[in-house]
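Please go over the structures that come below.
Look for subunit A in each of the two complexes below; its partner is subunit B in the first and subunit C in the second.
What follows is the complex of A and B.
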């Protein structure tokens, strides 16, 4: 049971990083990025390929951050005139493009077979159980650091400027804020975090394939951020752990409801996820930890 | 504000307590052999997953009715892969760590099997799959010899295609593959085997799933004037491609895997279009006694004939052959059971077709289980090596012409 909890918490941590990434871009500056899983995939593949070529794992992770950030830059610069639904559609398309490239460029990504045997750092030294604990600590520490940084950002003048852009882009521009600059920076940082999450995921699972990066992940993360509280980093983190916890918890319900056959139950699980989202949105639309707008310090 | 936060905290605390409560629900019953059924109940594998799961349960019932394996009753813990590697990994981890299963049976798609196999390897337990990807046979996926495949590899299908193309006297083959591990595995396997025979492939394309027309891919292939087109495809795309080919009017022969060139295809296109198509399938064991038993169990559980779901026949065999290996080893120590897997499934020994029969025969010597899905003989990689049949569609009927061994 303990080993399973450690495993689920590690996955929860990776989802929390994705939620922080999404919260920065969606809750922070108001850009809807439906292509989150694409940046996640880029990071995973970048690190898998770099370490596969013989580089140390830390280089792989650094590479994933850089690749994610560059991809984020390209996306924002290519879509400067798009907002809202239009941007959402473009980013959704982008994630599918990334997945299809991974599926088709067999020389690079090994196509649908995926890349297996990705280095698991220190696994031989620590053993299975030791490695899982080490990785949980590592992922949790990364979540903590990223959360602290983003929380600081959220409360700084920079964060207030982002939120001003989110609320009214024209007004923010009129007030002398460089709207495009903020958007590009926020998108690049957000994509870099998603890339890092991908790299952490790849080395934890030691296997990635295009099947891993279905749009469903993006939906889960949107669910996490919406349930946790849009616009507040702690909300996204909490939401991600709650989503993973909820998904895993539902596995144990058949023990309570023995009347359902396992196959029937599998279908019911999906219904439960949908019902939970509806309930959250109906009764707590601001999320579990609503956004806080702190008064600006008097200077 | 405060009040709602307190409510929220109370809610979370309640949720946290739930798994502790359910903990007693699956109290570890000593003395049973715990087996995980990890099947694609939802997602792309949905049409097969429920049947696969029910056949693991049915085969376990048959084992238990015969007194269990090595004196232990079998207990099944079922999880859904959602046909998604990420979800499957969590489900597998739960089976391994919480339910303490001694083997995981019935992963379906290659992506899921490849994602789960590192976990079962770490735990030192077996993973039995119905996937086609060649990568599952070799390290790192199969570095410990704990992975068993009950489906012919796509690569083997490709080799069978090459044998048949040679036998039929074709000289200028072209290939078309659906873009996934299975489709490409078929045509790559064909290419390797064909080129090893000194042949040459005149043209090949890989096409994307879910298109409404494949005419540009088809025209590219037909431009090379092939005498036969070898497919790695499924029913839906094959239907579209053949219709467009028939309209184009250029003569060619086709070699198509059996799961695509089946009665559904004939019904969709009519006998004229599909006349002369060669359909290649692994020879299932429809004549065998094990198949009859499986068919009966499948009818009872699903209300449909067993031929409806080839993967369910494979999971039936998984449970049965695993139980026989446990019985032969006389212990549930999985390292020892794994050594017996080849002994109970492969030739040299009394031929048996059910657990009860095998348990009896084991008392007097070695056995050879002949399964419902194939004769079920494992090679050094833990893969089954079935024979393949070449059938030709004639007047809307699929007639088996001959069998090839590879």
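What follows is the complex of A and C.
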């Protein structure tokens, strides 16, 4: 039971990173990334391949961050000068292409069999149980650091400029803000965080395959951010743990309702997730932790 | 040479099938101003509704298409009224996210009742026709004919009927349309019915070619988007031309890249169009 709790909290931390990534652009600057899972996968594969080639784990994570940021730059530079609905469509497409590449380029990704035997840092020294605890602490620490940095950003002049763009990008442009620059930077940083989350995931599971990166994960993260509170970093983190808690809880339901086949059961779970997202958007769009609008400091 | 001609022919036939849901998607965008991702679920629902009447009641293709149109359209209107309408005040982005959640819900309702198995329509198998070194299935030709008739009907509807004209008026300028006494809520509902219904019919036409499963709609979603973006979001003739272009581009690209990358062609086309000509073939100026 304890081992299971440690596992769930680690996954919760990884989802929290994804939620922070999404909140930075959705809550921060008013863009959405429907291909979040693609950047997540990109980071996971990047780190798995780099460390597989013999580099130390930290290099793998650095590589995941860089690859994520570059992918973010490519997507935004092609689309940010357009309406934001185009960006939504393009990010969805990018995730699909990443999945296709992971599935088909066997020489690189080993196709649907995936990459196994990814280095688990210090696992031989700590043993199984020790490693799981170590990794939980590590992931939680990363979440804490990223959260603190993003909260600092949120309250800085940079964060205020981002929210001005979210509210009215033309007005922000008139006020002399470089709207395109802000969007590209925010998206790249967001994509980098998603890449880092992927790297942490890969080294935790020691195994990645295209099946790990279903489009549903993106919906889970949207639910996490919406339920937690769009525009407030702490909200996304809280939302991510709530969503993982909910998902893990539903694992025990088949014992209670034995009439449902596993596939039907999975369908019910996804229906609940979708309905929850619609209900949150409609009845509590500010989420559990509403965004705080701090008064501007006197200058 | 005949390989290229065959690719062209296949491209036109596939493109015509994609054009039907692409018209639905772009019409909803033109009037309601948000990208409706639930179009994928409407296509799947249409395909399953048609399958059901086909297998259980022995309905032919034409009645099955009508059933798919009606059921997908009604579910579209019902879902819009219960789930998405209330989100409109929060902006197009929120409605778009809501439509993704809606898509997940509807797709999994289909999965709940029908499971993940592949299903085929109960139709006689007919050998392909061959002429001048080209190969074409009678089933494909029939689907192509249906697609052409459906598109002609949509154009006639928009051009000659009161509702069609009202739809175009609202798409063009909602405020002016309201001043003229057009009720935007009615037009919105009608558009959703038409858009979701067309997606449903498109799902059947696509499913006739091979088989259907709950992911049918999601698999073609990217291609449908690509067709609409290529033609210019919100332009109905654009969606048709865009779909044909995507269909041909896919088939030609498959001559050099593996078939598994089919849907990547749509993505490449979107990126290319957005970089070179952001408003597509017939789109209004993107702002």
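As a convention for this text, the second predicted complex is superposed on the first by the 267 of 299 C-alpha atoms of A that agree within 3 Å, B and C clash if a C-alpha of one lies under 4 Å from a C-alpha of the other, contacts with A are read in each partner's own complex, and residues count from 1 in each chain.
Methods note: a residue touches a chain if its C-beta (ideal position, glycine included) is under 8 Å from a C-beta of that chain, and two chains touch if they have at least 3 such contacts.
Treat the numbers as computed from the prediction; the structure is a model and nothing was measured.
When the shared chain is aligned, subunit B and subunit C each come close enough to touch A:216.
In the superposed model, A:174 lies in contact with neither subunit B nor subunit C.
In the superposition on chain A, A:263 makes contact with both subunit B and subunit C. Of the two partner chains, subunit C is the only one touched by A:271; subunit B is not. In the superposed model, A:104 lies in contact with both subunit B and subunit C. Of the two partner chains, subunit C is the only one that A:30 touches; subunit B does not reach it. In the superposition on chain A, contact of A:79 is made with subunit C only, not with subunit B.
Comparing which residues of subunit A touch subunit B with which touch subunit C, the overlap comprises 100, 103-104, 216, 263, 266-267, 270. Subunit B contributes residues 4, 8, 15, 18-19, 22-23, 25-26, 37, 41-42, 49-50, 53-54, 78-80, 82, 84-86, 89-91, 93-94, 96-98, 109-112, 114-115, 118, 122, 133-135, 139-141, 179-181, 184, 206, 208 to its touches with subunit A in the complex. Remark: subunit A residues 30, 32, 34, 78-79, 81-86, 88-90, 92-94, 96-97, 100, 103-104, 215-216, 219, 222-223, 226, 261, 263-264, 266-268, 270-271, 273-275, 277-278, 281-282, 285 touch subunit C in the complex. Of all the residues in subunit A, the ones that touch subunit B in their complex are 1-4, 7-8, 11, 100, 103-104, 106, 111-114, 116-117, 128, 205-207, 209-212, 214, 216-217, 245-249, 251-253, 255-256, 262-263, 266-267, 269-270, 284, 288.
For subunit C in complex with subunit A, the touching residues are 34-35, 37, 83, 86-87, 90, 92-94, 96-98, 100-105, 107-109, 111-112, 115-116, 218, 221-222, 225-226, 229, 233, 258, 260-261, 263-264, 266-267, 270-271, 274-275, 278, 286-287.
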